[in-house]
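Each in structure tokens, the structures are laid out below.
Look at the two complexes coming up: chain A is in both, with chain B in one and chain C in the other.
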Partner chain A sequence: MMFIKLEWKQMLRSRWMQMVGVLFTFVFTAIVVIQQMALPETEGFSRQTASFLNLLLFLLPLFILTIGSMSVASDIESRWLSLLKTYPLTMRHYILGKFIATVFAFFLIVIAAFSVVLLLGGFLGGVTLPPVFIFITVASIFIFSALSVVVGVIAKTRLYALAVALIIWSLLLLLISYALMAIGTVVAGHVLQKITVVVIHLNPVEWLRFGYLLFAEQASVLGPSYFDLIAFYNSTLGNIVYFAVTIAWVIVPLALARLLITRKGKEA
Partner chain B sequence: MRKIILTLMFWLTLSLSASANLQQQIDEAEPGATIEVTGEHSGNFLITKPLTLIGKDATLRATGMKPALTIDNTQDVIIDNFKVIANQRGIVVKDVDNARIVNIAASDMLIGIQLHRSKNIELAYNSIEGTDAHYAKKGNGLALFQSEDLHVHHNQITKVQDGIYIEEIQGIHVHDNTVTNSRYGTHFMYSDAGLVENNTYERNVTGLMVMMVDGFTARYNTSRYHNEMNGSGVLFYDVKNATLAHNTISENRLGLVLQKCDTVRIEDNEFLVNQTALEATRVDDVSLVMNNTFIGNILTARSDKEGVTLYANYYDDYNGIDADGDRYGDTPYTAYSSFGQWMVRQPAYQYFVASPSVELLTVLDQQTPVAQHMLVDDKPQMIKNEAHMMGINYAQALLGGLLLMSTLIVWRKGSKR
Partner chain C sequence: MIVEAKHLANAYKNGRGLHDASFSLREGTIMALAGGNGAGKSTLIRLLTGQDKPTAGELIWHTSQDVRYMPDDVDFPVTLTAEEIIALLASLKKVSKAEQKQVLERVGLWEVRKQRVQQYSKGMRQRLNLAQSLLGEGKLLILDEPTNGLDPYWIAQLKKMVDEERDKGCTVLFSTHLLPFAESLADDVLILHEGHVLATGELKEVFAKHQAHDLETLWLAEIERERG
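This part shows the complex of A and B:
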């Protein structure tokens, strides 16, 4: 508990974290308010909804992966972790502490952004923050905080962590999608569809996007090719599987991080 | 003298109402008589002469699989104000000239009103509600075949296969109807000289479906919330000489789909917040999309390599300026998007619609040479964009303010030494 408090305090004191908070709040608010003024009110998947979702998927993973991973890598680089090992602190607690502190810090940033949106939106007649959007935001903080801890453990220095975080971010956000689109030009449609289904489960960005469309009842936007997939995930079993996979996306990286850091400790 | 006889006849027929068997009354009535019907009548009633049936809290219940009421080979028939209950078809009209079927309430049947080989027919103010079964197991609200000069208006239809199914009709005016939760709102097949106006289509698979038609006009209709897997607001397939004007097409998966169309004019419509506003394949170069307003659509237009001509439309995502003040942008608007074209060729690509990677790709598209000649509007309209100001929501502003203050306090407290 003490370690979490300490980490949380360090995160909040970090200038980078403060800048990220201001930047995220500014961009998020600007997009929401501009779209609110420019577009008619809708109930379906619109450009406004797509902007919200893309902003979330672009910025949150980027900030969480870089800040979270550098926080862990900094401990390794500065030998703060070696010092911590002399205290009665297990690596499981260390990993969990880092993860929880990152999650809390980003919760605070997101709440700040949402509250500014509500405040300014209130002066424009009111904006809507759908519960599904909030759920996906929370899920993305959990998933990418867990991933950031693994990246931090893999990296030896802060710069290395930053580079790895950026590579992973661009892979998950852009490069895998472009690779899939390129594959689609040489394979049959049903093959592309099957590969895409696999990628949805293996790429947390796609998983969260798919989850948003699914729970917002807008999955038809994905088109008739994915009818069976959507029908399954709309069932009770599908919902359970969705939550199980989401939890796995948090637990597996944390377990991996613990395994790697323990192995690193032994090697050292 | 004629007047007195007619009045006597009327009172005579009125006195028979509700007591005798309805079919017997119909058979015994003089041509041109009026029968007032009350209460519930079971059977499969048949009219073969000019007649007016007026219901007063009356129900016609079909027995077996036959229609509750059949009007066959006659003229000048009026059916007004009945509740109809049937397993298969509510009312069937065959080979009739001049008939009015109005204020019919039919529910839980397969087909509400079916029309064959008839002329000068008015179907109005009817309310038809199907079942919750799959579309394949349902019939049409109004099924109209091989007829002429039809007037279909102010009907409310829901939960059927096609709200208004029109096949091989010459001259039909469909207006002020509302069709919801069905497969197609109005479905035209092989029917010429159709006019569809002021109708509302909501939450069907497709709002207005027009197939293999030569000569057609749809105007002032609203088609929205068609977001199923194959959903679209309006779909034209193999249509010639058609006009789609002043319609509002909003919040659909595909706003307007044009497939294999010749000489089609799409003008003065509003395309609002659709996933894809316009999809065109095999459209001739005479067809024109002009003076429309495109606001808030994720993808404005996509097409096959033949494209579609865009002219003087308004696009809310146009970035150009109007330096010469002629109310048109000085640089062309490009609706082209590589991704949009891929989606036309390979539906599996649709998974990526509006994804982060595609958003970036679309921005890059604007710089590519191919973007200069496909789906380009050389004269995009510049309209003053009206902001949607709706007053102040004090509760939300207060909540936001309190939440922000709390967050800042927690942040400050958490970071204190």
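This part shows the complex of A and C:
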């Protein structure tokens, strides 16, 4: 507990984290104000929802991946981890401690941002944060915190961690989507549809976006060719599979991080 | 005897590290680990602290492998205070608050315990490093270059603390480049050169065997002899 508490303190005391908190809250608030001024009182998958989702799936993964990974890499670079290894602290506890501290730190940022937005919404009216949006936010924090820990373990220095985090972020957010579009120009529609289904499962950003559309009952925007996929995930079994895959996106990176860090004796 | 090393090796790709080291560490004594840069001192310490495993040879422990360790190059989390760092490490070893206070007092950081490490000088950080190594009851205390960054007053205090630890029955191994410092503190010595042992044993016996009256003369003579 003490380890998690002090890890959390370290994160919250970091200038970078404080700046991220302010930036996230500011951008979130700005979107609400601008949207309310430009397009008030809209129903369904509004531009405001799309903006929130983009912010959530663009900025939050970027911040979590960079800050979380640099926190772990910093321990390796400063040899603080080497010292911790001479204490009765298992690497399982270390990895879990880092993960939980990152999750808590980003929860705090998101709660602050949501509070400001809702407070502002009280004055402007028409601002809502549906439960599904909150669920996707929580899932996003869990998944990207787990990924950030594994990135930090792979990297040996903070700068290296930053570079790897940015590569993974651009891969998940941009490159895979562009690759899919490029593939779509040379393969048949039904092949592209199958590849897209695989990518939805293998890319956590797409997985969360898909989850949002699914649970917000707006998955029809994906088009009729995905009817079978949507029908499956709308069933009870589909819901269970969705949660199982989401949990796997957290557990697998953490297990990998633990495996790598115990093998890393010489470098650490 | 607390630990015995037999033909211990852990070489790196660049050829540095430890190639063949045999020695024993007597219980309740202070051993100086001396040698130039790249002699294998840090590698040996990494093996003794369990951070690395030997690629050849073995370490035979005659007691529990409960080591307290002061690394030479650790950077503590700068946004934490000395009090928080000691509390964190103490919690891992289940050390009482009273003992946490005691170690911070011993290294002269009690008054500034609420300051963040980023406000500390190099010497204060080194004293914090020393404080964490004094936590708990480990039978073997390993200090890697403990004099780095310390002023003459704190070097004298360090000597006193090391003596006190030995008097409490603890075995101390410290590495250093400062041969006069090693001589003034150690009962035994282990001199490494390019990954193997140049000399080891009780200080007086080592001097007699190598017909030397101080470590510097002995070390230089042995290196000259090695180079032919």
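Just so we're on the same page, the second predicted complex is superposed on the first by the 263 of 268 C-alpha atoms of A that agree within 3 Å, B and C clash if a C-alpha of one lies under 4 Å from a C-alpha of the other, contacts with A are read in each partner's own complex, and residues count from 1 in each chain.
To be clear about the criterion, a contact is a pair of C-beta atoms (placed from the backbone, for glycine too) under 8 Å apart; a residue touches a chain by one contact, two chains touch by 3 or more.
All of these numbers come straight from a predicted model, not from anything done at the bench.
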First (chain B), second (chain C), both or neither touched by A:Trp80: second
Partner chain(s) touched by A:Met2 [first = chain B, second = chain C, both, neither]: second
Partner chain(s) touched by A:Val205 [first = chain B, second = chain C, both, neither]: first
Which superposed partner A:Pro88 touches (first chain B, second chain C, both, neither): second
Partner chain(s) touched by A:Ser170 [first = chain B, second = chain C, both, neither]: neither
First, second, both or neither for A:Arg13, with chain B first and chain C second: both
First (chain B), second (chain C), both or neither touched by A:Ser235: neither
More chain A residues in contact [chain B versus chain C]: B
First (chain B), second (chain C), both or neither touched by A:Ile111: first
Touching both chain B and chain C, residues of chain A: 9, 13
In the complex, chain A residues that touch chain B: 8-9, 12-13, 21, 36-48, 50, 53-54, 57-58, 108, 111-112, 114-127, 173-174, 177-178, 180-181, 184, 189-190, 192-193, 196, 200, 205-206, 209, 218, 220-227
Residues on chain C engaged by chain A in the complex (per definition of touch): 49-53, 67, 69, 71, 73-77, 79-80, 84, 87-89, 91-93, 132
Chain A contact footprint on chain B (complex, rising order): 225, 227-231, 250-251, 253, 272-273, 275, 295-298, 316, 339, 342-343, 346-361, 385, 387-404, 406-408, 410-411, 414-416
Contact footprint of chain C on chain A as seen in their complex: 2-3, 6, 9-10, 13-14, 78-80, 82-89, 265-266, 268
